[in-house]
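One chain, subunit A, links the two complexes that follow: it is found with subunit B in the first and with subunit C in the second.
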Partner chain A sequence: MATHRDAQFPSTPYIEPAPAPIGQPKVEEVGATSAPLKSAAFFIGQQCQEVNEDFMLCKNESRDPAHCLKEGRRVTRCAQDLIKKLGENCGKQWEEHWQCLEKNNQELYMCRKPERSLNQCVFEKLKLVKNIPGSPEGQPQIHEKKNPVWSGVQR
Partner chain B sequence: MPVPFEAIIPMGLVVVMFGVTGTGFSLAKRMTNEGKPARHSLDDWERMMMNRDERLTGTPRGQSMNPTAPKEFATNSAWQTEKLA
Partner chain C sequence: MSGTIQFKQDLPPKGGYEPIRYKRNLPARGPGGLAVFGGILAICAYGFYKVGQGNLEQRELKRERAWSRIHLIPLLMAESDRDIYRREQAQLAREKELMKDVPGWEAGKSVYNNKRYNPQNFVVM
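What follows is the complex of A and B.
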(Lines of atoms letter the chains of each structure in order from A and count residues from 1; the text may use other names and numbers.)
(Lines give C-alpha, C1' and ligand atoms only; values in the text may rest on other atoms or scores of the structure.)
Protein backbone atom coordinates (compact mmCIF):
# COMPACT_ATOMS: atom_id res chain seq x y z
CA MET A 1 0.00 0.00 0.00
CA ALA A 2 1.50 3.33 -0.99
CA THR A 3 1.42 6.12 1.52
CA HIS A 4 1.39 9.67 0.35
CA ARG A 5 4.59 11.63 0.64
CA ASP A 6 5.01 15.26 -0.37
CA ALA A 7 6.96 15.79 -3.58
CA GLN A 8 10.21 17.69 -3.09
CA PHE A 9 11.45 19.70 -6.02
CA PRO A 10 14.87 21.14 -5.38
CA SER A 11 15.44 24.67 -6.60
CA THR A 12 18.56 23.77 -8.58
CA PRO A 13 18.11 21.33 -11.50
CA TYR A 14 20.43 18.36 -11.77
CA ILE A 15 23.45 18.76 -14.05
CA GLU A 16 25.53 15.66 -14.67
CA PRO A 17 28.97 16.26 -13.13
CA ALA A 18 30.85 13.39 -14.79
CA PRO A 19 32.88 14.48 -17.85
CA ALA A 20 32.69 12.74 -21.21
CA PRO A 21 34.48 9.35 -21.22
CA ILE A 22 38.10 9.43 -22.44
CA GLY A 23 39.13 7.22 -25.30
CA GLN A 24 36.34 8.41 -27.60
CA PRO A 25 37.11 10.67 -30.57
CA LYS A 26 35.80 14.14 -29.81
CA VAL A 27 33.21 15.55 -32.21
CA GLU A 28 31.50 18.87 -31.65
CA GLU A 29 27.71 18.80 -31.50
CA VAL A 30 25.62 20.31 -34.28
CA GLY A 31 25.10 23.97 -33.49
CA ALA A 32 22.14 24.78 -35.74
CA THR A 33 18.86 25.44 -33.96
CA SER A 34 15.38 24.22 -34.92
CA ALA A 35 14.35 26.67 -37.66
CA PRO A 36 17.51 26.43 -39.81
CA LEU A 37 17.50 22.67 -39.32
CA LYS A 38 13.88 22.36 -40.42
CA SER A 39 14.67 24.48 -43.45
CA ALA A 40 17.64 22.30 -44.40
CA ALA A 41 15.99 19.03 -43.37
CA PHE A 42 15.31 17.53 -46.79
CA PHE A 43 18.80 18.42 -48.03
CA ILE A 44 20.39 16.81 -44.98
CA GLY A 45 18.17 13.80 -45.61
CA GLN A 46 19.35 13.46 -49.16
CA GLN A 47 23.03 14.18 -48.59
CA CYS A 48 23.47 12.08 -45.46
CA GLN A 49 21.10 9.26 -46.33
CA GLU A 50 23.58 6.37 -45.98
CA VAL A 51 25.03 7.42 -42.64
CA ASN A 52 21.57 8.15 -41.27
CA GLU A 53 20.27 4.75 -42.33
CA ASP A 54 23.35 3.08 -40.81
CA PHE A 55 22.65 4.83 -37.53
CA MET A 56 18.98 3.91 -37.51
CA LEU A 57 19.70 0.27 -38.29
CA CYS A 58 22.33 0.20 -35.56
CA LYS A 59 19.86 1.65 -33.06
CA ASN A 60 17.37 -0.95 -34.14
CA GLU A 61 19.77 -3.65 -32.95
CA SER A 62 20.20 -2.22 -29.49
CA ARG A 63 19.17 0.98 -27.73
CA ASP A 64 22.23 0.99 -25.49
CA PRO A 65 23.85 4.43 -26.01
CA ALA A 66 27.34 2.93 -26.16
CA HIS A 67 26.43 0.66 -29.08
CA CYS A 68 26.05 3.32 -31.76
CA LEU A 69 28.62 5.95 -30.87
CA LYS A 70 30.62 5.54 -34.09
CA GLU A 71 27.60 5.82 -36.38
CA GLY A 72 26.40 8.77 -34.30
CA ARG A 73 29.68 10.61 -34.83
CA ARG A 74 29.40 10.00 -38.57
CA VAL A 75 25.88 11.43 -38.60
CA THR A 76 27.01 14.52 -36.68
CA ARG A 77 29.95 15.12 -39.01
CA CYS A 78 27.82 14.72 -42.15
CA ALA A 79 25.21 17.17 -40.89
CA GLN A 80 27.85 19.71 -39.85
CA ASP A 81 29.47 19.42 -43.31
CA LEU A 82 26.23 20.15 -45.09
CA ILE A 83 25.31 23.02 -42.77
CA LYS A 84 28.66 24.64 -43.42
CA LYS A 85 28.30 24.24 -47.19
CA LEU A 86 24.76 25.61 -47.08
CA GLY A 87 25.90 28.61 -45.10
CA GLU A 88 28.68 29.39 -47.51
CA ASN A 89 26.80 28.86 -50.76
CA CYS A 90 23.16 29.69 -50.17
CA GLY A 91 23.36 31.54 -46.86
CA LYS A 92 21.09 34.42 -47.80
CA GLN A 93 18.23 32.32 -49.17
CA TRP A 94 18.53 29.88 -46.30
CA GLU A 95 18.37 32.69 -43.75
CA GLU A 96 15.32 34.20 -45.47
CA HIS A 97 13.52 30.88 -45.43
CA TRP A 98 14.09 30.10 -41.79
CA GLN A 99 13.29 33.63 -40.71
CA CYS A 100 9.97 33.22 -42.53
CA LEU A 101 9.45 29.88 -40.77
CA GLU A 102 10.08 31.45 -37.38
CA LYS A 103 7.33 33.98 -38.02
CA ASN A 104 4.85 31.26 -38.98
CA ASN A 105 5.05 28.68 -36.21
CA GLN A 106 7.58 26.76 -38.31
CA GLU A 107 4.90 25.63 -40.74
CA LEU A 108 6.33 24.89 -44.18
CA TYR A 109 3.17 25.61 -46.17
CA MET A 110 3.28 29.29 -45.22
CA CYS A 111 6.72 29.92 -46.67
CA ARG A 112 6.69 28.48 -50.19
CA LYS A 113 8.13 31.56 -51.91
CA PRO A 114 11.45 31.74 -49.99
CA GLU A 115 11.52 27.96 -50.16
CA ARG A 116 11.40 28.06 -53.96
CA SER A 117 14.38 30.39 -54.16
CA LEU A 118 16.30 28.28 -51.61
CA ASN A 119 15.59 25.07 -53.55
CA GLN A 120 16.72 26.77 -56.76
CA CYS A 121 19.98 27.96 -55.20
CA VAL A 122 20.73 24.60 -53.59
CA PHE A 123 20.04 22.81 -56.87
CA GLU A 124 22.45 25.07 -58.74
CA LYS A 125 25.28 25.18 -56.20
CA LEU A 126 25.05 21.90 -54.28
CA LYS A 127 23.14 19.66 -56.72
CA LEU A 128 20.57 18.60 -54.11
CA VAL A 129 16.86 18.31 -54.84
CA LYS A 130 14.13 18.37 -52.21
CA ASN A 131 12.20 15.13 -52.52
CA ILE A 132 9.48 14.07 -50.07
CA PRO A 133 9.65 10.29 -49.69
CA GLY A 134 6.24 8.67 -49.76
CA SER A 135 4.74 11.42 -51.92
CA PRO A 136 2.04 10.02 -54.30
CA GLU A 137 3.52 9.04 -57.64
CA GLY A 138 1.72 10.80 -60.46
CA GLN A 139 1.15 14.22 -58.94
CA PRO A 140 3.59 17.08 -58.38
CA GLN A 141 4.98 17.19 -54.87
CA ILE A 142 3.27 19.46 -52.42
CA HIS A 143 5.96 22.12 -52.53
CA GLU A 144 5.72 22.23 -56.32
CA LYS A 145 1.93 22.27 -56.55
CA LYS A 146 0.63 25.27 -58.48
CA ASN A 147 -2.47 26.12 -56.44
CA PRO A 148 -2.27 24.42 -53.06
CA VAL A 149 -5.35 24.25 -50.88
CA TRP A 150 -3.53 25.23 -47.68
CA SER A 151 -1.46 28.34 -48.16
CA GLY A 152 -0.90 31.82 -46.88
CA VAL A 153 -2.35 34.91 -48.49
CA GLN A 154 0.53 35.35 -50.94
CA ARG A 155 1.76 32.34 -52.85
CA MET B 1 -33.87 58.13 -46.71
CA PRO B 2 -30.78 59.72 -45.12
CA VAL B 3 -27.86 57.57 -43.93
CA PRO B 4 -28.37 56.43 -40.27
CA PHE B 5 -25.08 57.80 -39.02
CA GLU B 6 -26.02 57.30 -35.36
CA ALA B 7 -25.83 53.54 -35.91
CA ILE B 8 -22.27 53.81 -37.16
CA ILE B 9 -21.10 55.19 -33.81
CA PRO B 10 -21.54 52.02 -31.69
CA MET B 11 -20.26 49.89 -34.60
CA GLY B 12 -17.17 52.06 -34.71
CA LEU B 13 -16.80 51.76 -30.93
CA VAL B 14 -16.95 47.95 -31.06
CA VAL B 15 -14.44 47.81 -33.92
CA VAL B 16 -12.06 50.07 -32.02
CA MET B 17 -12.39 48.07 -28.83
CA PHE B 18 -11.74 44.76 -30.58
CA GLY B 19 -8.84 46.32 -32.42
CA VAL B 20 -7.25 47.70 -29.27
CA THR B 21 -7.51 44.48 -27.29
CA GLY B 22 -6.38 42.36 -30.23
CA THR B 23 -3.38 44.56 -30.91
CA GLY B 24 -2.53 44.75 -27.22
CA PHE B 25 -2.62 40.96 -26.86
CA SER B 26 -0.50 40.46 -29.97
CA LEU B 27 2.04 43.01 -28.77
CA ALA B 28 2.18 41.36 -25.34
CA LYS B 29 2.85 37.99 -26.94
CA ARG B 30 5.49 39.43 -29.25
CA MET B 31 7.28 41.10 -26.35
CA THR B 32 7.73 37.76 -24.63
CA ASN B 33 8.78 36.08 -27.89
CA GLU B 34 11.51 38.49 -29.04
CA GLY B 35 9.37 40.13 -31.69
CA LYS B 36 8.13 36.88 -33.22
CA PRO B 37 4.57 35.53 -33.03
CA ALA B 38 3.97 32.96 -30.29
CA ARG B 39 4.44 29.26 -31.07
CA HIS B 40 1.28 27.19 -30.75
CA SER B 41 0.16 23.56 -31.04
CA LEU B 42 3.49 22.32 -29.76
CA ASP B 43 4.03 18.59 -29.39
CA ASP B 44 6.79 16.87 -27.45
CA TRP B 45 9.22 17.02 -30.36
CA GLU B 46 8.76 20.78 -30.74
CA ARG B 47 9.11 21.32 -27.01
CA MET B 48 12.33 19.36 -26.88
CA MET B 49 13.71 21.23 -29.90
CA MET B 50 12.83 24.56 -28.29
CA ASN B 51 14.58 23.42 -25.13
CA ARG B 52 17.63 22.61 -27.24
CA ASP B 53 17.41 26.03 -28.92
CA GLU B 54 17.47 27.69 -25.54
CA ARG B 55 20.51 25.66 -24.52
CA LEU B 56 22.29 26.55 -27.74
CA THR B 57 21.58 30.27 -27.88
CA GLY B 58 20.74 31.30 -24.33
CA THR B 59 17.38 32.91 -25.20
CA PRO B 60 14.05 31.10 -25.68
CA ARG B 61 13.48 32.05 -29.34
CA GLY B 62 17.04 32.61 -30.47
CA GLN B 63 18.22 30.79 -33.58
CA SER B 64 21.67 30.15 -34.99
CA MET B 65 23.13 28.72 -38.19
CA ASN B 66 26.49 27.60 -36.79
CA PRO B 67 27.60 24.11 -37.74
CA THR B 68 29.18 23.55 -34.33
CA ALA B 69 27.71 24.10 -30.90
CA PRO B 70 29.22 26.53 -28.37
CA LYS B 71 31.34 25.08 -25.58
CA GLU B 72 28.65 25.56 -22.93
CA PHE B 73 26.31 23.23 -24.78
CA ALA B 74 28.20 20.18 -23.57
CA THR B 75 27.42 20.83 -19.93
CA ASN B 76 24.27 22.92 -19.71
CA SER B 77 21.76 20.12 -20.09
CA ALA B 78 19.71 20.26 -16.90
CA TRP B 79 17.28 17.64 -15.71
CA GLN B 80 14.27 18.56 -13.65
CA THR B 81 14.49 16.13 -10.78
CA GLU B 82 12.74 15.28 -7.56
CA LYS B 83 14.61 14.53 -4.40
CA LEU B 84 13.73 11.19 -2.82
CA ALA B 85 14.14 10.81 0.93
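What follows is the complex of A and C.
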Protein backbone atom coordinates (compact mmCIF):
# COMPACT_ATOMS: atom_id res chain seq x y z
CA MET A 1 0.00 0.00 0.00
CA ALA A 2 1.56 3.21 -1.07
CA THR A 3 -0.37 6.18 0.14
CA HIS A 4 0.70 9.13 2.19
CA ARG A 5 -2.74 9.61 3.73
CA ASP A 6 -3.23 7.81 6.98
CA ALA A 7 -6.61 6.52 8.03
CA GLN A 8 -8.41 9.02 10.21
CA PHE A 9 -10.14 6.33 12.26
CA PRO A 10 -7.63 3.73 13.34
CA SER A 11 -10.48 1.45 14.43
CA THR A 12 -11.37 0.93 10.78
CA PRO A 13 -8.20 0.64 8.68
CA TYR A 14 -8.42 2.16 5.22
CA ILE A 15 -8.14 -1.03 3.24
CA GLU A 16 -9.47 -1.04 -0.29
CA PRO A 17 -9.92 -4.59 -1.56
CA ALA A 18 -10.80 -3.49 -5.08
CA PRO A 19 -8.26 -4.52 -7.75
CA ALA A 20 -6.60 -2.01 -10.04
CA PRO A 21 -9.08 -0.54 -12.55
CA ILE A 22 -9.37 -2.40 -15.82
CA GLY A 23 -7.64 -0.79 -18.78
CA GLN A 24 -4.52 0.17 -16.83
CA PRO A 25 -1.38 -1.81 -17.67
CA LYS A 26 -0.15 -3.70 -14.67
CA VAL A 27 2.95 -2.31 -12.97
CA GLU A 28 4.43 -3.83 -9.87
CA GLU A 29 5.56 -1.63 -7.02
CA VAL A 30 9.27 -1.09 -6.69
CA GLY A 31 9.30 -2.93 -3.39
CA ALA A 32 12.57 -1.53 -2.08
CA THR A 33 12.69 0.02 1.39
CA SER A 34 14.02 3.46 2.21
CA ALA A 35 17.69 2.64 2.71
CA PRO A 36 18.29 0.87 -0.63
CA LEU A 37 16.37 3.63 -2.37
CA LYS A 38 18.37 6.34 -0.64
CA SER A 39 21.56 4.54 -1.55
CA ALA A 40 20.50 4.36 -5.19
CA ALA A 41 18.78 7.77 -5.31
CA PHE A 42 21.45 9.62 -7.25
CA PHE A 43 21.74 6.86 -9.83
CA ILE A 44 17.96 6.73 -10.25
CA GLY A 45 17.98 10.50 -10.60
CA GLN A 46 20.58 10.34 -13.32
CA GLN A 47 19.40 7.30 -15.22
CA CYS A 48 15.72 8.25 -15.17
CA GLN A 49 16.16 12.01 -15.42
CA GLU A 50 14.04 12.39 -18.54
CA VAL A 51 11.07 10.33 -17.41
CA ASN A 52 11.22 11.88 -13.93
CA GLU A 53 11.19 15.41 -15.29
CA ASP A 54 8.43 14.48 -17.68
CA PHE A 55 6.38 13.12 -14.79
CA MET A 56 6.95 16.18 -12.61
CA LEU A 57 6.02 18.52 -15.46
CA CYS A 58 2.87 16.49 -15.93
CA LYS A 59 2.10 16.77 -12.22
CA ASN A 60 2.63 20.48 -12.52
CA GLU A 61 -0.21 20.59 -15.04
CA SER A 62 -2.62 18.83 -12.73
CA ARG A 63 -2.37 17.23 -9.32
CA ASP A 64 -5.03 14.71 -10.22
CA PRO A 65 -3.62 11.20 -9.78
CA ALA A 66 -5.51 10.11 -12.87
CA HIS A 67 -3.74 12.69 -15.01
CA CYS A 68 -0.20 11.27 -14.98
CA LEU A 69 -0.67 7.53 -14.79
CA LYS A 70 1.15 6.87 -18.05
CA GLU A 71 4.16 8.98 -17.07
CA GLY A 72 4.08 7.41 -13.63
CA ARG A 73 4.31 3.92 -15.09
CA ARG A 74 7.32 4.98 -17.11
CA VAL A 75 8.97 6.35 -13.95
CA THR A 76 8.36 3.11 -12.07
CA ARG A 77 9.57 0.93 -14.92
CA CYS A 78 12.73 2.96 -15.30
CA ALA A 79 13.46 2.73 -11.58
CA GLN A 80 12.75 -1.00 -11.55
CA ASP A 81 15.07 -1.46 -14.50
CA LEU A 82 17.85 0.46 -12.76
CA ILE A 83 17.37 -1.37 -9.48
CA LYS A 84 17.58 -4.69 -11.31
CA LYS A 85 20.75 -3.66 -13.09
CA LEU A 86 22.24 -2.33 -9.88
CA GLY A 87 21.49 -5.58 -8.09
CA GLU A 88 23.02 -7.65 -10.87
CA ASN A 89 26.17 -5.62 -11.36
CA CYS A 90 26.98 -4.11 -7.98
CA GLY A 91 24.75 -6.06 -5.62
CA LYS A 92 27.43 -6.65 -3.01
CA GLN A 93 28.60 -3.04 -2.78
CA TRP A 94 25.04 -1.77 -2.85
CA GLU A 95 23.98 -4.10 -0.04
CA GLU A 96 27.01 -3.07 1.99
CA HIS A 97 26.20 0.60 1.58
CA TRP A 98 22.52 0.42 2.42
CA GLN A 99 23.17 -1.83 5.38
CA CYS A 100 25.57 0.83 6.62
CA LEU A 101 22.87 3.48 6.07
CA GLU A 102 20.43 1.39 8.07
CA LYS A 103 22.86 1.22 10.95
CA ASN A 104 23.75 4.92 10.87
CA ASN A 105 20.39 6.64 10.93
CA GLN A 106 20.51 6.87 7.12
CA GLU A 107 23.19 9.53 7.27
CA LEU A 108 25.20 9.54 4.07
CA TYR A 109 28.29 11.09 5.68
CA MET A 110 28.64 8.11 8.03
CA CYS A 111 29.02 5.68 5.12
CA ARG A 112 31.58 7.14 2.77
CA LYS A 113 33.72 4.06 2.65
CA PRO A 114 31.10 1.66 1.25
CA GLU A 115 29.72 4.50 -0.83
CA ARG A 116 33.05 4.98 -2.58
CA SER A 117 33.26 1.34 -3.61
CA LEU A 118 29.61 1.46 -4.76
CA ASN A 119 30.20 4.63 -6.79
CA GLN A 120 33.33 3.12 -8.30
CA CYS A 121 31.51 -0.07 -9.27
CA VAL A 122 28.50 1.77 -10.69
CA PHE A 123 30.77 4.02 -12.71
CA GLU A 124 32.65 1.07 -14.17
CA LYS A 125 29.64 -1.12 -14.90
CA LEU A 126 26.75 1.27 -15.55
CA LYS A 127 28.56 4.50 -16.43
CA LEU A 128 26.60 6.52 -13.89
CA VAL A 129 28.23 9.21 -11.76
CA LYS A 130 26.84 10.61 -8.56
CA ASN A 131 26.52 14.34 -9.01
CA ILE A 132 24.91 16.72 -6.53
CA PRO A 133 23.31 19.65 -8.36
CA GLY A 134 24.22 23.07 -7.00
CA SER A 135 27.49 22.05 -5.37
CA PRO A 136 30.17 24.76 -5.41
CA GLU A 137 32.24 24.70 -8.58
CA GLY A 138 35.94 23.97 -8.59
CA GLN A 139 36.14 21.89 -5.42
CA PRO A 140 35.44 18.23 -4.72
CA GLN A 141 31.82 17.45 -3.96
CA ILE A 142 31.00 16.48 -0.43
CA HIS A 143 31.06 12.74 -1.11
CA GLU A 144 34.46 13.00 -2.81
CA LYS A 145 36.14 15.00 -0.06
CA LYS A 146 39.30 13.28 1.19
CA ASN A 147 39.36 14.53 4.77
CA PRO A 148 35.96 15.82 5.83
CA VAL A 149 35.30 17.58 9.12
CA TRP A 150 32.06 15.68 9.58
CA SER A 151 32.74 12.01 9.42
CA GLY A 152 31.80 9.02 11.48
CA VAL A 153 34.30 6.70 13.05
CA GLN A 154 35.01 5.22 9.66
CA ARG A 155 36.40 7.30 6.84
CA MET B 1 82.88 51.57 90.03
CA SER B 2 85.80 49.46 88.84
CA GLY B 3 85.47 47.30 85.77
CA THR B 4 86.12 43.89 87.28
CA ILE B 5 83.29 41.88 85.66
CA GLN B 6 84.30 40.18 82.39
CA PHE B 7 81.71 40.47 79.66
CA LYS B 8 81.49 40.32 75.92
CA GLN B 9 79.70 42.98 74.03
CA ASP B 10 77.34 41.57 71.35
CA LEU B 11 78.40 43.23 68.17
CA PRO B 12 77.72 42.81 64.45
CA PRO B 13 80.12 40.52 62.60
CA LYS B 14 83.11 41.97 60.94
CA GLY B 15 82.14 43.86 57.83
CA GLY B 16 78.58 44.29 59.05
CA TYR B 17 75.48 42.27 58.51
CA GLU B 18 74.47 41.10 55.05
CA PRO B 19 71.84 43.30 53.50
CA ILE B 20 68.31 42.04 54.13
CA ARG B 21 66.94 40.38 50.96
CA TYR B 22 63.57 41.96 50.95
CA LYS B 23 63.19 41.86 47.16
CA ARG B 24 60.69 39.36 45.63
CA ASN B 25 62.58 36.26 44.61
CA LEU B 26 60.44 33.88 42.48
CA PRO B 27 62.06 31.97 39.65
CA ALA B 28 60.33 32.54 36.25
CA ARG B 29 58.84 29.15 35.38
CA GLY B 30 57.12 28.02 32.18
CA PRO B 31 56.28 30.09 29.13
CA GLY B 32 55.71 33.77 29.38
CA GLY B 33 52.36 35.47 29.48
CA LEU B 34 52.54 36.53 25.87
CA ALA B 35 53.26 32.96 24.81
CA VAL B 36 50.31 31.57 26.81
CA PHE B 37 48.01 34.25 25.46
CA GLY B 38 49.25 33.71 21.96
CA GLY B 39 48.85 29.95 22.32
CA ILE B 40 45.26 30.24 23.47
CA LEU B 41 44.57 32.63 20.63
CA ALA B 42 46.07 30.20 18.13
CA ILE B 43 44.07 27.26 19.47
CA CYS B 44 40.85 29.30 19.34
CA ALA B 45 41.61 30.48 15.83
CA TYR B 46 42.16 26.90 14.67
CA GLY B 47 38.95 25.80 16.37
CA PHE B 48 36.90 28.52 14.79
CA TYR B 49 38.42 27.77 11.41
CA LYS B 50 37.34 24.15 11.81
CA VAL B 51 33.86 25.22 12.90
CA GLY B 52 33.61 27.34 9.78
CA GLN B 53 34.77 24.51 7.57
CA GLY B 54 32.32 22.19 9.30
CA ASN B 55 29.46 24.62 8.71
CA LEU B 56 30.28 24.80 5.03
CA GLU B 57 30.37 21.03 4.98
CA GLN B 58 27.01 20.80 6.74
CA ARG B 59 25.54 22.96 4.01
CA GLU B 60 26.78 20.51 1.40
CA LEU B 61 25.53 17.55 3.43
CA LYS B 62 22.11 19.15 3.58
CA ARG B 63 22.19 19.68 -0.15
CA GLU B 64 23.14 16.03 -0.67
CA ARG B 65 20.34 14.86 1.62
CA ALA B 66 17.81 17.10 -0.10
CA TRP B 67 18.76 15.85 -3.56
CA SER B 68 18.72 12.23 -2.49
CA ARG B 69 15.07 12.83 -1.63
CA ILE B 70 14.27 14.95 -4.66
CA HIS B 71 15.50 12.18 -6.96
CA LEU B 72 13.12 9.73 -5.32
CA ILE B 73 10.00 11.90 -5.33
CA PRO B 74 8.75 11.00 -8.84
CA LEU B 75 9.11 7.31 -8.07
CA LEU B 76 7.24 7.49 -4.76
CA MET B 77 4.62 9.86 -6.12
CA ALA B 78 3.91 7.65 -9.11
CA GLU B 79 3.32 4.66 -6.87
CA SER B 80 1.15 6.63 -4.51
CA ASP B 81 -0.85 8.07 -7.41
CA ARG B 82 -1.65 4.64 -8.77
CA ASP B 83 -2.88 3.55 -5.37
CA ILE B 84 -4.96 6.69 -4.85
CA TYR B 85 -6.43 6.32 -8.32
CA ARG B 86 -7.41 2.72 -7.62
CA ARG B 87 -9.08 3.71 -4.35
CA GLU B 88 -10.88 6.64 -5.91
CA GLN B 89 -12.25 4.54 -8.76
CA ALA B 90 -13.50 1.91 -6.32
CA GLN B 91 -15.15 4.58 -4.20
CA LEU B 92 -16.77 6.14 -7.25
CA ALA B 93 -18.25 2.80 -8.24
CA ARG B 94 -19.52 2.29 -4.69
CA GLU B 95 -21.05 5.76 -4.59
CA LYS B 96 -22.76 5.22 -7.95
CA GLU B 97 -24.20 1.96 -6.70
CA LEU B 98 -25.41 3.56 -3.44
CA MET B 99 -26.96 6.65 -4.98
CA LYS B 100 -28.37 5.18 -8.17
CA ASP B 101 -31.95 5.79 -7.01
CA VAL B 102 -31.43 9.47 -6.20
CA PRO B 103 -32.30 11.61 -9.19
CA GLY B 104 -29.85 14.36 -10.07
CA TRP B 105 -27.02 12.95 -7.99
CA GLU B 106 -23.61 13.25 -9.58
CA ALA B 107 -21.26 10.70 -8.11
CA GLY B 108 -17.79 11.95 -7.37
CA LYS B 109 -18.65 15.60 -7.93
CA SER B 110 -16.36 18.10 -6.30
CA VAL B 111 -17.76 20.30 -3.57
CA TYR B 112 -15.90 23.21 -5.13
CA ASN B 113 -17.07 25.00 -8.22
CA ASN B 114 -13.79 24.67 -10.06
CA LYS B 115 -11.82 22.14 -12.08
CA ARG B 116 -8.88 21.85 -9.74
CA TYR B 117 -8.23 18.47 -8.18
CA ASN B 118 -8.76 18.26 -4.44
CA PRO B 119 -7.72 15.29 -2.39
CA GLN B 120 -10.71 13.62 -0.83
CA ASN B 121 -11.53 14.58 2.70
CA PHE B 122 -13.67 11.56 3.47
CA VAL B 123 -13.92 8.03 2.22
CA VAL B 124 -17.05 6.08 1.32
CA MET B 125 -16.35 2.74 2.94
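In this text, the second predicted complex is superposed on the first by the 144 of 155 C-alpha atoms of A that agree within 3 Å, B and C clash if a C-alpha of one lies under 4 Å from a C-alpha of the other, contacts with A are read in each partner's own complex, and residues count from 1 in each chain.
Rule of thumb we're sticking to: a contact is a pair of C-beta atoms (placed from the backbone, for glycine too) under 8 Å apart; a residue touches a chain by one contact, two chains touch by 3 or more.
Fair warning: this is a prediction, and the values are worked out from it, not measured in the lab.
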{"item": "Joint occupancy of subunit A by subunit B and subunit C, clash or fit", "value": "fit"}
{"item": "Partner chain in contact with A:Glu29 - subunit B first, subunit C second, else both or neither", "value": "both"}
{"item": "Which superposed partner A:Gly152 touches (first subunit B, second subunit C, both, neither)", "value": "neither"}
{"item": "Broader residue contact with subunit A after superposition on the shared chain, subunit B or subunit C", "value": "C"}
{"item": "First (subunit B), second (subunit C), both or neither touched by A:Gly72", "value": "second"}
{"item": "Touching partner for A:Gly87 - first (subunit B), second (subunit C), both, neither", "value": "first"}
{"item": "Touched partner set for A:Trp98, first subunit B, second subunit C, both or neither", "value": "first"}
{"item": "A:Glu16 touches, of subunit B and subunit C: first, second, both or neither?", "value": "both"}
{"item": "Which of subunit B and subunit C A:His143 touches, first, second, both or neither", "value": "second"}
{"item": "Minimum C-alpha spacing, chains overlaid - subunit B and subunit C, in Å", "value": "8"}
{"item": "Touching both subunit B and subunit C, residues of subunit A", "value": "14, 16, 20, 29-30"}
{"item": "Interface residues, subunit A side, partner subunit B - complex", "value": "7-10, 13-16, 20, 28-36, 80-81, 83-84, 87, 91, 94-95, 98, 102-106"}
{"item": "Subunit A-touching residues of subunit C, taken from the complex the two chains share", "value": "50, 53-54, 57-58, 60-61, 63-65, 67-91, 93, 116-117, 119, 123, 125"}
{"item": "Subunit B to subunit A touching residues, read off their complex", "value": "36-37, 39-41, 46, 49-50, 52-53, 56-57, 61-70, 73-84"}
{"item": "Footprint of subunit C on subunit A - complex, ascending", "value": "1-5, 12, 14, 16, 18-21, 24, 27, 29-30, 37-38, 41-42, 44-45, 48, 51-52, 55-56, 59, 62-69, 71-73, 75-76, 79, 108-109, 132-136, 141-143, 145, 148-150"}
